[in-house]
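In the two assemblies presented below, chain A is common to both, partnered first by chain B and then by chain C.
Presenting the complex of A and B:
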């Protein structure tokens, strides 16, 4: 009895080997599912929804200047405190303006002090702290921040992750304008002639 | 006495009870079968384990304390990182607890989205466990097949959740993004595909004679032992108890679907394996039905909580079923911007402690098979 069982065990063991090899052979003949990463990358449609580091959104007409109104909602929403914004200060009144304000005060009129423009002068973002949760994007009142598609961003330098988003937006905006100028070269020429 | 004795506090403490002629061995914190930094101190008599003691805390990240300094909304990303394999169950437990406390009524579409994404996440978690467990047991090929299928789920999940691993896409009062028709269509196509892969898994691994000889009748955890340690999930379902939070304390819209809880009586590593394999099938059933039944409507309540939103004072407890067992979150609020106290109940913690008793008298190689069959995620155990 034990001899029969032993033989049967061997046969069934060999059979599961055959089944396994059959599946492996089938997968071997199938299409390759992996990519050779540095030489090949996934298509853009496969990156849809994946989050890269934050970027600022430019104004529709002036892509180099941010939509941001420096309301600080993103700063208060961020769980890890990776965004720091410096608000723009009110412009210093010139001496003539100061004089005019003084005179207005003496006359008993309402003094109109120059207001601070609603824009950031500094928008620093520390990607090494960011957990890409999206709280800032959701809480932004004007839709001034979004996730970029720069998903391959990597560095060995810690400081490379501390990004000045205003500078990056400016560079991006300039590049866009350049590209525009290159694609439609006739218009700028016209303007120079007229000038 | 040696001024610089070998070992640390845990080994010294463990040594006190040692028998003569036994060896004390550290398994981990860098052992490949512990999937992270779990350390188990073993007392070995030859190749047999006399005693075992898990040492935890190498990945303690004080999530409970962090909750006390972050606002209700800001704690969300933490929930994606407690258990990196099934984060959406933790998401669900957290938003569920806060919604229960604040009595927020969630739109039905949001609940369906939660169920669909959470079940897909459960499948991807089980697939990774399946691959990694077989890797522990010495089979390399299965993890390649598991990752192939898992990648398809991740590709799909990336769009509504924004990430591929540490999802934190649930929000208090709904979810982050709506599911578009493209997602639902892809999802409906993915389900039959994954279902067609299951027979292949069965042929390749489940019915393989090597696996059967390796994990059948290994690591008996009967009903009593599971209950004594508070083990949940596939452990207790593998011991013949029909215990699933989705059935026992139905939350979200789970009671609307037609599905079964897989239960096996054998209580060995094979039973736990079979429970998980069957759960993949059941999750596919839930996803299929949810995609067909999803109603139109909002995916978020009208008045979404702002970052500085204050929850009312009081207490709430909410439990959800993760791939590893029952996730429970108990929150206490004093009515301020941050929680007063948060208790996170990790299923892995209770499940792991069964190991100390269960591994007594087994061979060292079997202990690896038992440890793997628990499906541990160390960050979740240490929290």
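Presenting the complex of A and C:
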């Protein structure tokens, strides 16, 4: 009995060869999934879930200024230490203001010292260290940081990967506003091929 | 001048033609292989050199020719460089008795089939020498594998060929082809389907093609027997592999698929078309199946192909004797 079963197993195993050939045969006939890069570029729908270098998210009304509150959560969450943030300092009161505050204090009034604004003055990001793990994005309390869809980012210079994200956001915001002013939303030539 | 025998001149011309044929086919097959591999993996394959990458094999060939020929330290220089030549040269001879068309045969031999089977055995020796001569552990492992594999697979191959020889009573390939009709149901394949399958599987084993490419086995042995070869040393093995593929497919076509016989117009084009269909199937198989393990390879041969081929041969012998 077992011998017959063994033979049958082997013979029926032959069918799996045909199944395999069917699969590759189908793949052969199917549409290709790769792009001919210089002639074709990726479409937006193909970029869904793509993890490019980090970028800051702008405020909904003022796209050029970041949502970031400089809480440093991303800095402490980053395993590779590729983010460095400088917090904004409290504005230094002028001589006259200092005098006024002193006087007010002497009078027994409540004095409100100027607080540091909750925003970064510098947001540096070293893409050459980044492992794109996403810990910063997950840990951000206000959703101020995200992966960009910058697919074709390449350079021969190491320093090109040390990015000033605040500056980039500003430039991006300006560009958006410009595009809005021209009332013709011109995305850089993308999506020559939908996949 | 009249002293030169005509037969010798004929053989010389045939050899030159065959060399050109092998070289051209090598280029076409390299392109075909890479394109098919690409499309099976849903990518375009070579595309940048020439229109649709048509000139890619030429670029590859130029690269191979231009590379430095390097002999590894402590290698046996003589054997090391003998091996690629020994692997490529006999292949040219294998094309001589193949009947490409009704009149298009290099040399019409009574024992053409025997000549092919005998000289194709030299390829094993070349592989063995290459592995041994290069003083490399991967090389020697690849060579050892190649020898045990080729020796094993030669037997069912011969047995399945013998079945056809019994049936047609001839070892002359031209005669075997002429004995078959124009239409597919008149081909030997219909009478000997099992022999055809055994022949094809053994041919894959003989030519070291995937899924039986254990002699090269990139993922295990770097490149097996040709690990140490650079430039045209490797190029010769490469060419020989493709030439051997053409030979086994041609023999399969001549023995089982009616050779140059075909519906409506008999001729060399039918032969070439059939050979290329078989080659495509071989390439298709390579990019579909994973490499078998060595024990599986030998089990398949000794436990299945051998007994089945013997059985097939016995039945054929009985039937031919009775009829």
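In this text, the second predicted complex is superposed on the first by the 145 of 195 C-alpha atoms of A that agree within 3 Å, B and C clash if a C-alpha of one lies under 4 Å from a C-alpha of the other, contacts with A are read in each partner's own complex, and residues count from 1 in each chain.
Simple rule for what comes next: a residue touches a chain if its C-beta (ideal position, glycine included) is under 8 Å from a C-beta of that chain, and two chains touch if they have at least 3 such contacts.
Treat the numbers as computed from the prediction; the structure is a model and nothing was measured.
Look at A:133: by the touch rule set out above, it reaches chain B but stays clear of chain C.
Of the two partner chains placed around the shared chain by superposition, chain C is the only one that A:36 touches, whereas chain B remains out of contact. In the superposed pair of complexes, A:114 makes contact with neither chain B nor chain C. By the touch criterion stated above, A:93 is placed in contact with neither chain B nor chain C.
Once chain A of one complex is fitted onto chain A of the other, the partner contacts of A:13 are limited to chain B, with no touch recorded for chain C.
In the superposed model, A:28 makes contact with chain C only, not with chain B. Residue by residue along chain A, chain B and chain C are tallied for touches, and B comes out ahead. In the superposition on chain A, A:147 makes contact with chain B only, not with chain C. Residues common to the contacts of chain A with chain B and with chain C across the two structures: 20, 23-24, 27, 33.
Remark: chain C residues 36, 39-44, 47, 284-285, 287-289, 304 touch chain A in the complex.
The part of chain A that touches chain B in the complex is made up of residues 9, 12-13, 16, 19-20, 23-24, 27, 33, 46, 48-51, 73, 76-80, 131-135, 138-139, 147. Of all residues in chain B, only 70, 73-78, 80-81, 141, 145, 148, 151, 155, 158-164, 166, 168, 176, 200, 203-204, 207-210, 306-308 touch chain A in the complex they form. Chain A meets chain C in the complex at residues 10, 17, 20-21, 23-25, 27-28, 30-34, 36.
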